[in-house]
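Below is one structure; the comments refer to it alone.
Naming follows writing order (A, B, C, D and E), and every chain is counted from residue 1.
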């Protein structure tokens, strides 16, 4: 794809330049260029296996944890090369939080879940306030304020997912990445999370992967559409097809493939 | 449901009278009445959990293998009570073959897979012919005739599923039950299996469970629509809503719920 | 229970005791661990002539051996002391008749660590001080004020052994009485290792074990009132090594001697006792004992022949 | 169904074609096989209980459990089992002090740090360590470890030739694989999602291992400890060879001592008169050992079950 | 803003704690492996002079250690292990089949059997020796013979065989069973023709490991008359015997140094047998991992 068709309306938080990701010899994602705006929700959509999660994991170097994963091209965070020599991936992940598809609270108390991040950063005091604030922001405080000592696994799925968001917020990140955060949830819980995302996007830059187009349409300002293309040697590679304002993508996409996918004729 | 709305156009192979199935205390399927015609394809459709598989398993007593499953009501096979005292479930299953959702070839050669049924019935000679005939009928002969000694797990998914059908045919059953036989397959393989079903239905009575309405519409002569209803105590039970010719079910269903399901507004 | 290879007895011709003849069958020997090397040596030598006769030698201790023997489980019992009255009674109760052969001599040897420079000769009194029941002696200087301060580590025979019975009898004055806080073992080799590994160690066992390990251990002379005498072939044979020299025995079961392979083994044992004793580093019989043994053997032969 | 005359099929009725006595017979054989394990337990109980009961007719329970001299084979005999019990626990303690850090460290390394390839190499190596016969460990303790300790430890701390410390150290290494392998299983069972969650909050691998994986796997890890401890308690050959057979109420690991298993091996290989009290003593000690390990197993089974419940 | 951002992504301090932690963990593994290596090197070094055909061609001798060998122990071990396999593998595998395929786990007696097997797995081996002594050697009157030793060791490793076999059976997918039943197979036909063939690699792995455990066991045999001078190869179930671990124990307890070298050599022999058995097990396991 040629550089983003979007006019340069923002100081990007992330700039992806010709990003390719390999798992061993397999090039899962090829040549992605995009810019992600601050304090907005950016959605990544596309058929299964097109590399949405892979791209998302590049943004906070979670890919480092996959043994044979390798990144080519450049990812810039504000002005800094995210994969630069002196960059500490642990510091990266502290600044760029992540929420996963399946809620994954630690098998500890609600309080300890939220306090985990501040604690590993050496914070010992003021934890009560941090926990309360994070829970407030995650719209969970009222539901759990009486069960802070209770095991987090006893919460409902939607509550667990909001707990995971609160846990991410508690370390005061700049960015929150979410990989299909609602796909394990029922519709009511999903609505709550979507509302929460809207609220959070006032303060945080949010990037979300979703396979639910309605969700992307509902919550995001910008949408990137990925697909998997088969190259001359028969290998499938994830490609960024189109990246534009969500309104445009869903009403008047530039690319035939996007249109086909949106209208359900493709993928 | 009241006795079938269908006129008695056939000598039924199976007659289900007030069939209920329990798993322990839970009544998964309640009061089903239906008749299944010979040399035809009957499709069972309905939302997930409505008891399609459960009903299908009643027809060859596979339910016997589930520890706490229990059947009430009556299932007649031609004139014989399928659950009668002196009936041998093993004999039943020999007569009424079954093909499962996920292709499940034995980890043996193609030949041994097909020959398994005849062998356990004590047949030692003429296996070559039986295997060849079954593979011909399952439209697989041309593809595997050179790999009869090869491990069946090396076949493609669609080939494996046809192998399973050939394996079922090799014991010369009267009836073939199929539980979502294409849901693990790609569209091309699915088409092949559907064509095969059409051919087989000239000789065999076929009952198929599918969650793919198009498939039911394409292949079956009669369709039974099941749904799960919540009773006064809040428990869900599978019920037969409507059983009619496929054409009628898909064009002009008698029941609102059927119509809702068919048109995608329900379930 | 399993009567040690009776099954093959029937196949043998009666009276076949010539070594020239190929014999087969099992001979079960058990009992004293002191005598075991002697019987094992006999078995090894015998095997060179009769490869098909399978001799097993267990080491249950003299007491344990007699228990099995009188239970009919073994053919020959090794003993480092004569059979006791209650053991005789036990054998009688099971109708087990037997012969007694004295096959070698032993000099119970008291050993100390190689670097022990002070204990060259110990009196029976001093030994008793160390070993009597309730003894609290745990340093050499408590044995004799002239000895240096060195923790005393005692190693000795296990309670089921004839060695233990004999040692406690002659040193502590009553059979079976001993202090209990030492490392006992049915297996005298453990004592060798223990003493060799502890500077203040002291232990006792049969002469052959000392002979085999003379490089690692030092034997102590014993003074029973007539001056210090060390263990040796000479002193054991002439009876000057007192009170710790003793004869060693084997007890073949009369019924087993009807089996040619057992008879052949016993005859071989007796006939070659001198070579066997030397080979196993034991002290051969003295002239008088040897005459007695020849007499016993003659008696046995006439029995077997008749 | 109105007509029966025009029936197209069932050629033969659905009745049993052949009698299947074989199936029945097979089932009987299978049940019998499964019952062998029950018979084993019954056999153990039957072989332990009567002699133990007879033992306690001659020796009071109070003497057995409260007096401190163990000399059952001497004149006069003394039946205070405490020295054996304390020796057993002392040696087990030494073993555990060695095995738990090593085993846990190895498990954490293999589960959180090591590459798949490394794990593939080292797990079998640890299994070899578990497969080495215990006589070999005993030999190594007596012939290598003890002389090494005697040589390299400062004077005053030098162990006797037979001692508890070498036996305990070597036994510790012997049970490392038990701890490592079961703990590693428990750690691998911790869902990857938990690790991802922790990493995404900026944890280092160490923090993930210590704060997330270890607590989540804790009951499995503890179960591995319990199993390792019961193996140490029941281990015989190492102590029989290397710790000396001297029953002494001592807490000094440099001394020789005798454990419960050591006593059984020593007294049992002497083949005592069947009817004697000495013989029954073996069974009394055996029964005590059985009870102790049975209790340990029970605890560990509980822990394992609890650990399973967390993720299932 | 940009400047501070930049600093924030950079490692602020050297993570000594993390580095040290990783080193310590690696050290733990290294210590265990180093111990194993030391042990192997030590026994090979000690036994080197005696690692020659004398070891397996000669019978033991206490007169001439330089001529002594472990022939009777080696063959005794083969006998005892062979008979252990004959006794315990069928029983273990059949018992596992019962528990996995037939037993209704809601029944208390089946749960009792399972609990019982788990408990048996952790009972000290010397207690099995007591069982063998009290019930098999004396109770059944088999005395101290190959059959007593084999039965005792069979019971000792039976839980291992059962547990491993059950896992192997459980790993066979239910679909395979359904397919077989769907074709009109009886239960036993399904088990015999489908489940068992697929479970064999897993069962083999568990069984080999169990037998290698039995091959190294000495403690229970101490109570069963293993410590005896035996200079012949057993010729039947009622024959006397000795086995390698016991022979090693016997030689270790000898005082002459030459016997210690001999015991090291015999240890090497035993380790070769056991490591070979383990390797076969690991090989079978690795080879059969990805079936479905």
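Just so it is clear, contacts are C-beta pairs under 8 Å (C-beta built on N, C-alpha and C of every residue); 3 or more make two chains touch, one makes a residue touch a chain.
Chain labels with UniProt names: A, B = Phosphate transport system ATP-binding protein; D = Phosphate transport system permease protein; E = Phosphate transport system permease protein PstA.
Quick caveat, the model's predicted, so the values are computed rather than measured.
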Original post:
Between chain A and chain C, which partner chains are common?
Top reply: D, E
**OP:** Just send me the rotation angle from a CA overlay of chain A on chain B, rounded to the nearest 5 degrees.
**Re:** 175
Original post:
Which chains, taken as a pair, are joined by the highest number of C-beta contacts?
Top reply: D-E
Subject >> Most widely separated chain from chain D, with each centre as the mean of CA atoms >> reply: B
**OP:** Indicate the whole-number Å distance between the mean C-alpha point of chain B and the mean C-alpha point of chain E.
**Re:** 48
**OP:** Return the distance between the CA-based centres of chain D and chain E, expressed in whole Å.
**Re:** 14
**OP:** Report the inter-chain centroid distance for chain C and chain D in whole angstrom, where each centroid is the mean of the CA atoms.
**Re:** 39
Original post:
Whole-Å distance, chain B centre to chain C centre, using C-alpha means?
Top reply: 84
Subject >> Per-residue multi-chain contacts in chain C, two or more chains >> reply: 30, 58, 190, 193, 196
Subject >> Set of chain B residues in contact with two or more other chains >> reply: 90-92, 95
Original post:
Do you know which chain E residues sit against two or more other chains?
Top reply: 15, 138, 186, 225, 227, 253
Original post:
What chain-chain pairs meet the touch criterion?
Top reply: A-D, A-E, B-D, B-E, C-D, C-E, D-E
Original post:
In their complex, what parts of chain E are in touch with chain A?
Top reply: 1-2, 5-6, 8-12, 15
Original post:
Mind pulling up the chain B residues that touch chain D in the complex?
Top reply: 8, 11-13, 15, 35, 38, 76-80, 82, 84, 86-88, 90-92, 95, 174
Original post:
chain C touches which residues of chain D in the complex?
Top reply: 69, 71, 73-76, 78, 142, 146, 150, 160-162, 244-248, 256, 266, 269-274, 278
Subject >> Complex contacts: residues of chain E adjacent to chain C >> reply: 59, 61-63, 137-138, 141-145, 225, 227-232, 238, 240, 253-256
Original post:
For chain C, which residues are in contact with chain E within the complex?
Top reply: 1-2, 26, 28, 30, 36-37, 40-41, 43-44, 47, 54-59, 73, 187, 189-190, 192-193, 196, 209, 212-213, 216, 279-280
